[in-house]
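My structure is below; once you've seen it, I'll send some questions.
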């Protein structure tokens, strides 16, 4: 579980749509144990405008192949550069960082809710649960049918529900408006990752229905290892670091 | 002859040895007239530690293909990054910059002297002369036989003499010690490019034998277009800019 | 159509993007790349009474996201400017402004007077912030007493638009901005370069023979932006923002922090077209946001 | 074997590379990456008498080759430090130094006294240069009168090694270095962060809620180097160089400019192993050049 700094080889970059891609990396030594919800700080060497590392959730783990996958949205210079890096180049990672989603009780009913590229940590989370016999329900929200990503992957790990803003696939609307959210009380836990307004809305519903709710925050980070105190969030214990005390928080601990 | 800023496609990077490579670029529109000795300021986008453009002599010109070649020594972050740029990526050039070597009189006996990657501008210079019927003698100095570059190319354009520091090919020693330098007075002009100590030594011999001598300076440049006044050299007219009044100077105009 | 005009006193600028002194020559050096008439203004190379050879080579050292320079005001002097350069640039259809420098107050006054008699130069930029000369320059600009004195004397001698260029190498930029305002300057421009240094560990010598140089480029932008914000809150005269502006986004940051206009310097070395690209970028920002007057943005982060 | 030892007064440091306050936590946060015992010293997070929550999020904005921070001295206060943290770090086999901060002179004195009674803390770093707090901090460090006063009072109350951390946001760094020396400080360290700002042009707000922040990283290196050079020529006490040091080359530049030691800050965020890499790099530079004592390099560019 110790954090480490390690060079990974770029195995493949696969674009899922214009903006999102899967970055697949291979290390040279056995991976440490990685828990769902953890992230890596990636150093982006060949971008002039990217001074600090960039944090990304671990999307999938292949222990046998020493491989990690990230699902990344090309939003600024750093991510755009990552998305055009040539195969076989090396990138440096600091990982595994942060805490993790809690483990559901055996046979507990669990809902994963993700939106946009916030779906990233949910794939490994679902696979992780599968190993201990939990098959989650998964609700993913996208803008439209074209922006849906990796539904095949997710549907292998649980019962998948899709909602799109324009109704071009699945139900129409935002995740909070999906039919299954009406019965949120039926779930023991809901794990949520996506844009902050979405997470806050889901948190409201969870509170109302008394469901345990964990969210994964994306506060801006400088170090990722708890030394700079830049990534804080107000918790019941005062300001805590998203990078070490999070990124996953039970909403009870946040002042949401 | 107007300077311009233009994106070029990387056609090919060919390593001549561990440190030196030929960068071949292709523009999208007809090249302007380029004179021998002129240079380009190349913007190196994907190197974190390269803020300013980098100046490189134009090594060869292919008007038909809109192509330019540069002979580059990977010495620091900027040149190393250039040497690993992927084919078909674009790089931005400001060119053609600077003055040029003077044109020899028809049938004038001319000697080109180059050392290390200072040989770069001499290829296009020799080809240029060939067009007006002048076939120069060319003396190139290298560390050893392994570090000899492009001798085939140069030998097509004139009578080629090689000297190596360890004598592993051609004569042994520095260019100034080569046999033909004993008879420097036989040449109307000598054009020289290489490390400053070499150029100064050649200039001394030229002075002594009364031969016209032009050297190409490599002063550090910020702009390359005459607006920053950083690249100055002391001339008979006071400080002048290497980027606009040079890079080629008749040694009579320098305080050498 | 969005309106990019701005004024200092009664002097109209067609847009708020000028080129900074020492980075654009006399404007005509850029003609292969841009049409200088499209600029809001051109601040020409620092000019002194006598011709100057400037500092010895090397004069430049690259630094992370910036550069140090130690040019030391190389220029051919006011007489050459009047006779040779002025005729070449007086046809530009934009505000050509001369950056004036001297060792003594008299030097500055003489220059202001002589430039004051050139019809097509509607303004001077009083440079009391050059870090690369042994006399004058920053010595004036980091001492409140002598800053006040030189501005006062130049103001007496010059009745067109007077811009005072401030040094960032001070504890309180507000103090110097206020002095300029109190002494009747029409505008302050900032920042000139930050005093910096680089060392060559192989030769074990300073990278620049005079040890220090002036730092410019994106590296200084956060400091420049902070100082522009402070100065704009301290005075009522227009503030011209300078320092590391490479893009329209950078320029807009300065404008939102309180700058009425900006100057583009080191960016020109990397992209000589950048000043006109920045004008275009500001325009399209305004159009996209539906803002008709860019002046609505000036200092908007304070409100 | 090359000798990397250096001393402040009688306090021995095994090498001249320390980690900077606020960028290395309490040292143990880095244990997955480096062995803190290999460091010349660890300057722990800025500590205040009372627990502080610091400034609101967001606290950071990336800038060209650097970053702005506005952490605002979040820490759990001296009592928590004494009871919980001190026992955890007192076993380190290196110099653990506490960076002390307060609103008032009494705050600083109290802290110095309490730290003075902790056996394993051989030195304090008096931080009169934090730009991210409303009281204290840089207000002391940019005013010669109050700087003198706080150093004097702390010196009276504390008889171990006293390092004064200077602010770069001043006209004359020499002046403040001399004040520290005159008041009996054993060393000065510089620079703390440069006051800077960033604007988000989309929200039209400052990137940091408190408008300004402290600039660190390679962007500030040229300024830091210049100030270290100036300070080292102004005083006889050892100068500790800080600011944008990422590599051994950077560290050597500071040493050649006059620093007796260096602190590594922001570099840790990009490479937590950088402090030990820098130690190794200095060693191999010395070995390659056949220099036995790194102290031969200190200030060598002046000669």
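Lettered A, B, C and D in written order, each chain numbered from 1.
Keep in mind that, in the parts below, a residue touches a chain if its C-beta (ideal position, glycine included) is under 8 Å from a C-beta of that chain, and two chains touch if they have at least 3 such contacts.
Note that the coordinates shown come from a computational prediction; the quantities given were computed from them, not determined experimentally.
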Completion exercise
Every chain in contact with both subunit B and subunit D is listed here as A, C
Problem - Given subunit B and subunit C, the chains that contact each of them - result: none
Completion exercise
Cα centroid separation, subunit A vs subunit D, in Å, comes to 36
Practice task
Could you please state the distance in Å, as a whole number, between where the Cα atoms of subunit A are centred and where those of subunit B are centred?
Solution key: 53
Problem - Between subunit D and subunit C, distance of the C-alpha-averaged centres to the nearest whole Å - result: 34
Fill in the blank from the handout: subunit A to subunit C, mean C-alpha position gap in Å, rounds to 47
Handout entry: Contacts with two or more other chains, residues of subunit D listed in rising order
Key = 63-66, 217-218
Practice task
Make each chain a node and each touching pair an edge, then name the shape: line, ring, star, complete, other.
Solution key: ring
Fill in the blank from the handout: A full list of chain pairs that touch reads A-B, A-D, B-C, C-D
Handout entry: Residues of subunit B defined as touching subunit C within the complex
Key = 2-5, 43, 49-53, 94, 219-234, 238-239
Completion exercise
Per the touch rule above, subunit B residues touching subunit A in the complex are 45-48, 81, 86
Handout entry: Touching residues (chain side subunit D, partner subunit A) in the complex
Key = 22-25, 29-30, 32-33, 45, 53-54, 57-60, 62-67, 69, 71, 74, 217-218, 266, 268-273
Fill in the blank from the handout: In the complex, subunit D touches subunit C at residues 63-66, 68, 142, 169-171, 194-199, 201, 204-206, 211-213, 215, 217-223, 225-226, 229, 244, 249, 252-253, 256-257, 285, 297, 300-301
